[in-house]
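All chains are identified by letter, namely A, B, C and D, in their written order; residue positions are counted from 1 within each chain.
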Amino acid sequence: MTTWPRFNMASGPVDVTAETLRAMQRPVLYHYDPAFIEIFSRTTSLLKRVFRTEYDVVVMQAEAILGLEAVVASLVAPGDKVLNLVSGVFGKGMEDFIRTYGGDPVELSVPYNAAVDPADVRRVLQSIPGIRYLTVVHSETPSGTVNPVREICRIAREFDVISIVDTVSGLGSELLSPEDWAIDVAVAGPQKCLGGTPGLSLISVSPAAWAAMEARPVPLRGSFLSLLDWKSTWIDNGRFPYTPSVTEIYALESVLEQALREGMEAFVGRHQASAKAARAAVKALGLELWAESESIATACCTAVRVPDSLDAKEIIDTLRARYGVMIAGGYGELAGKLFRLGHMGQAAHPTLVVAQVGMLERTLLDLGMSFGPGTGVGATLESFAGWNDEAAAYPV
Amino acid sequence: MTTWPRFNMASGPVDVTAETLRAMQRPVLYHYDPAFIEIFSRTTSLLKRVFRTEYDVVVMQAEAILGLEAVVASLVAPGDKVLNLVSGVFGKGMEDFIRTYGGDPVELSVPYNAAVDPADVRRVLQSIPGIRYLTVVHSETPSGTVNPVREICRIAREFDVISIVDTVSGLGSELLSPEDWAIDVAVAGPQKCLGGTPGLSLISVSPAAWAAMEARPVPLRGSFLSLLDWKSTWIDNGRFPYTPSVTEIYALESVLEQALREGMEAFVGRHQASAKAARAAVKALGLELWAESESIATACCTAVRVPDSLDAKEIIDTLRARYGVMIAGGYGELAGKLFRLGHMGQAAHPTLVVAQVGMLERTLLDLGMSFGPGTGVGATLESFAGWNDEAAAYPV
Amino acid sequence: MTTWPRFNMASGPVDVTAETLRAMQRPVLYHYDPAFIEIFSRTTSLLKRVFRTEYDVVVMQAEAILGLEAVVASLVAPGDKVLNLVSGVFGKGMEDFIRTYGGDPVELSVPYNAAVDPADVRRVLQSIPGIRYLTVVHSETPSGTVNPVREICRIAREFDVISIVDTVSGLGSELLSPEDWAIDVAVAGPQKCLGGTPGLSLISVSPAAWAAMEARPVPLRGSFLSLLDWKSTWIDNGRFPYTPSVTEIYALESVLEQALREGMEAFVGRHQASAKAARAAVKALGLELWAESESIATACCTAVRVPDSLDAKEIIDTLRARYGVMIAGGYGELAGKLFRLGHMGQAAHPTLVVAQVGMLERTLLDLGMSFGPGTGVGATLESFAGWNDEAAAYPV
Amino acid sequence: MTTWPRFNMASGPVDVTAETLRAMQRPVLYHYDPAFIEIFSRTTSLLKRVFRTEYDVVVMQAEAILGLEAVVASLVAPGDKVLNLVSGVFGKGMEDFIRTYGGDPVELSVPYNAAVDPADVRRVLQSIPGIRYLTVVHSETPSGTVNPVREICRIAREFDVISIVDTVSGLGSELLSPEDWAIDVAVAGPQKCLGGTPGLSLISVSPAAWAAMEARPVPLRGSFLSLLDWKSTWIDNGRFPYTPSVTEIYALESVLEQALREGMEAFVGRHQASAKAARAAVKALGLELWAESESIATACCTAVRVPDSLDAKEIIDTLRARYGVMIAGGYGELAGKLFRLGHMGQAAHPTLVVAQVGMLERTLLDLGMSFGPGTGVGATLESFAGWNDEAAAYPV
């Protein structure tokens, strides 16, 4: 049997806390048991607080790719024009869903190490009439970059364009709020910053988005992909359109509780400080960030350009085989070009950032690079000056 | 907080074993960690053995309603004629999927306490030309009945009709085999007889079914609902089309191991003996089975007609509130007409059948029925004569 | 590997609840971690409430045999006269400890299916001068009997005799209180009615008992067996005399919480109703209780005389091998003479009493006895008339 | 509620692996259930392999202080002369037990940062006639030092002196063997290098030690402290003298399996390499080891002299409160003088040594020390050159 890594510091799914594992140990309830109805209901309430929203939220029963497809399937009718912002692999992937459901994609793209400029979004919306939806990835996990979603969505709203935001790894890495950020539909995942398990899609839906779904010539109903089904069954009537993933819900309830116990500001601050410390190490080691500027680096993981002298796979495999740390490499067309330090969930903490950076240093030395041992970790430690768990309130 | 039931003996999701809970406690791996690839691969191998098939199997990441929709979406092209056999709520529900994806449903229905007659299937296939698919529910959980799927699918094959079987609660309650039963696509769930968690769809696909998917004018690709995506990524290339539900896979691996350790014959025998004993109790208590004849009763749960003098909700609520046993009532148009004794997974055992029947007796006495206490349990005990765990090999 | 039983309904250790198992899953803390100090402190507070006492309590780190030995070692000085009441195996066993530590045992014994008469205790105390201690077993688990400890200890107190009570399986089966019952030292175990794990001794100590320990010519100190060490370290100074069994403490905290959530009256009532129902079954089946009268039967387990036609081992082995239920037989000189139905912890509930009685019926029928199937369970069900979990508040 | 630390890197009890926690989740068996007998038996076999011995082993049910007291109580008869080697707090503590049980202690002591010289042992044994037993602590956890037990015990054997070795934290930190090292009785604990839970004593007993126990004028029997009771019940007859701590045994079985899967050489090597790396960091940071020379430093933890400018409690509290890492301070008369980096069990790995050293650096900087950040970790990383998990085979 393949030996397991000691630490899963990939870019999702990631290690979960002991508390989350215990929550999943609760006996499996019948989904119509009153105790489960209570848990599900409470979980959606907690999710609203984590999303910092009063909008409706929907917890769909499969990972966020399902959620993203469901949103497109529920909103986009044949012929609808959709402005798709592309700054990475996931942004590009949205085009497939738009086409599958008959939409007419308009692409605004930037290189995969850059972020979309809100001014360009405004220009496109001004110049191309009839755009109904805008799709954008908040945190492009494969590239380790973020787009300025708040500015973008506020512009979209000026044009009465419904915004659809993939914030799968963004929730928890920035202090977002659908209302404040003018996000009509946000899709997040529990398996990224929240440190949960990867079987659910977490979706917030604005009244305008609900109205758009209902206003379609043929609203999508009677499908696993239908958000309206969730509205008419669970939200309006406390019934389920199908069987929820009971133990995934247990895990979600727990990670939401943990996040709220810490407080969303501290939670986000912990991720941002960890990312900053990871970037400090990267620079100190003479490596290059994949992101074209540090200001657009995401807080959930740090993408690092593979040095010319080395091979991405060799770095990742050595780190795992010799030191038990699993990190992720590039994905899709980024494969081989970068590797990613993960600092999501419980990994977003000085102990594990230091452990990871230390093992990376050790690995790079093993592979022939040269620098003073401790260089990267030293920069990390300096970056963490002022850290205080009592503020960050890491829950166990 | 609502008190939890002591025993979840509903008709799925049901209590899972301690062994399954422990399996889910394993640390959450990155889905491209070699240790997870190994587990996923091993799990699909185990699934083939539980399905008793050499066909490809696909494990989709959401409960079986998603799986059923995915099968229809992957196979049925606009205009395709589909013979939909209806003997209950789930059979009827297939019609929605067929219509959603542009199919042309032809319904052959029987009352919801009866089973479809294979001779009628033959007659329809003979009389209506151009039928490409046949959809049938093996074990209609809401009605507690089974259809003669083996006979039906063999007939379908004579007519070159691709058969799609909902065996969500059938897998484990009969000793099925896709090849022997001529089932082209079988969709099962881990949360029924296997006693697993409810976040996955287990699908076996015949070569003919794959061919049909690929032969569509526009094969379904690039969707969470696409079976072909699983074929071209996981089956052919060992990649995932999206992130699997890691802990659900852990649970599935475990329940498959447990079933195979027991042996599928013993496993099925245990469910059938439990169902027989439950039916003996029902009859001894002067209650009526919902199924029109015992020969079409499913082995996964026993649906009982609510006596005229009583109210279904009152029975179910009293059983849970006073005695801590959760069972399921009727569903959809069967609501209020029946209640269901559950004997899936670990509940398929004399101890828990006796506990359940005993608490049902106690409840019915509480609600004013009269019979000698022990009447139902006595019949159950007689029915279990010859039981031997050493044969049934219940694993813990 | 030997197959595990489905239900451990022995007379301790017994099955623990899912909640208890989860509590044990918490990460192992350093015993001087402030979080552990807090848990240990809270646990002793909870224990006082379960014991219904204001006396000091000591949690010793090994099962109650250690606790009983420690009490004797801490109190009894060479030459001290100890009245040892013997109504069973455990009562008799106390004599060894008394002798080991130099005490002079005076025995008052009755047959092992009877209880000590308080009047006899008074007579002995009146007739034999100089008795300093009295030792008595509250609930003689091997015989399934109880002694009238309240009456006995009140008499002891009249004579200024320090009473030492083995209530290992008594705590939770009667609504005791050291103050009200005049018990100077009570030793209980978590693995019986409380349904905990078997690695701790739970001891309440009256001021008079502390004084007696300190008044010894050479008080016992510097030993694992010293209760005074616990007083001077933990109780007086919040330090530990040695490392506590961290995960056992987690389990204890949890079972105490569960008991108090239910409420001690309901908790005890649940055990007594379960025992009464088990006895009803025994009588209905034509079997004989081991206890000479029902009034002295313990609430934690029901000892049943083995019918002449059968063999104890055969009954126990068949019940386990065929039906997965583990019960205990006789112990010491009672071996082969009786078997014991266990209804401690979560087994003290109609579901599991019925399951156990049903499987016993099935086993006795298998072994050739004859009676109408359901006879025993029927009596059990009648006995449970009026049961209501909402009152008994079973916690999960 | 007090926040828990993220990592328990104290000097025992320490964090346990996920695998160990899962092992403890198994249902609690009756101790005479055949499945438990099998587990207990298997566990003692595994223990022999971890001890690398063919001697009998005894697993006593309370932490090693009980085990040490039991050994003295079982061996030392009133008047027996015992050479007690003292190089630290625990060595000194043995004197109490020797006196409690009537022995006549002869002390050979060195400062608490030094090790006993075997030549001195020989000299004492030559000069003082009639010594029957020798007691020595292998790894003095509070001082972070080791004694040359192999040399000492071989000398003892020359003089027919029975050796009693406290190797509570030594087992796993050196590749010991009772036969090869001439250890008559070795007492180890599962909660140190093995990374288990702290409720058991692991004892190996040579034939000579058994003979000595039996040869006492009054052999110790009928006591929780009696090793002979274990011999005559468990070893000779497969019965238990009292109820074992079922879940502690589950944990022990698991940690023994994990150690043997890794292999004892790799296991010990991992601890030694971790200790060496920790010492390298201490030196690089300009701190002083407590041990007078590195050659007598234990592999289980690294004791560091508190710098004059700082306060031990402040270091420990800051490390825990700000960075979530719990380490231990000095104990007994060493309190305030030192702090200890823990690298036992899963903490004996580059990731966690680096995390711990990194957080120590951060803490010392916070408290006003000055050095280049990364200095300690850098030395650690250099020390770990050549590390390879594939050799060390860390099990999860």
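The rule is short, and it goes like this: contacts are C-beta pairs under 8 Å (C-beta built on N, C-alpha and C of every residue); 3 or more make two chains touch, one makes a residue touch a chain.
Computed from a prediction, not measured in an experiment: that's the story for all the values here.
S.K.: Just going by residue numbers, which of A-C, B-C or B-D has an interface where over half the contact pairs are the same as at A-D?
M.R.: So the equivalent interface, with over half the same contact pairs, is B-C.
S.K.: With centres defined as the mean of C-alpha atoms, identify the chain lying farthest from subunit D.
M.R.: Of all the other chains, the one whose centre lies farthest from subunit D is B.
S.K.: Starting from the mean Cα coordinates of subunit A and subunit C, work out the distance between those two points in Å.
M.R.: Distance between chain centres, rounded to whole Å: 53 Å.
S.K.: Once you find the CA centre of subunit C and the CA centre of subunit D, what distance in Å lies between them?
M.R.: Measuring from centre to centre gives 34 Å for this pair.
S.K.: I'd like the Å distance between the centres of subunit B and subunit C, where a centre is the mean of that chain's Cα atoms.
M.R.: 45
S.K.: Going by the touch rule set out above, which residues of subunit A reach two or more other chains?
M.R.: 3-5, 18, 21, 25, 27, 396, in rising order.
S.K.: Okay, in this complex, where on subunit B does subunit A touch?
M.R.: 1-5, 8, 10, 12-16, 21, 24-25, 27-35, 38, 61-63, 65-66, 69, 96-97, 100, 191, 197-199, 222-225, 242-248, 251, 320, 326, 328
S.K.: Quick one: in the complex, what on subunit C touches subunit B?
M.R.: Touch list, subunit C to subunit B: 3-7, 18, 21, 25, 321-325, 346, 349-352, 354-356, 358-359, 361-362, 365-366, 372-382, 384-385, 387-390, 393-396.
S.K.: Which stretch or stretches of subunit A touch subunit C in the complex?
M.R.: Counting only subunit A, the residues touching subunit C are 18, 21-22, 25-27, 396.
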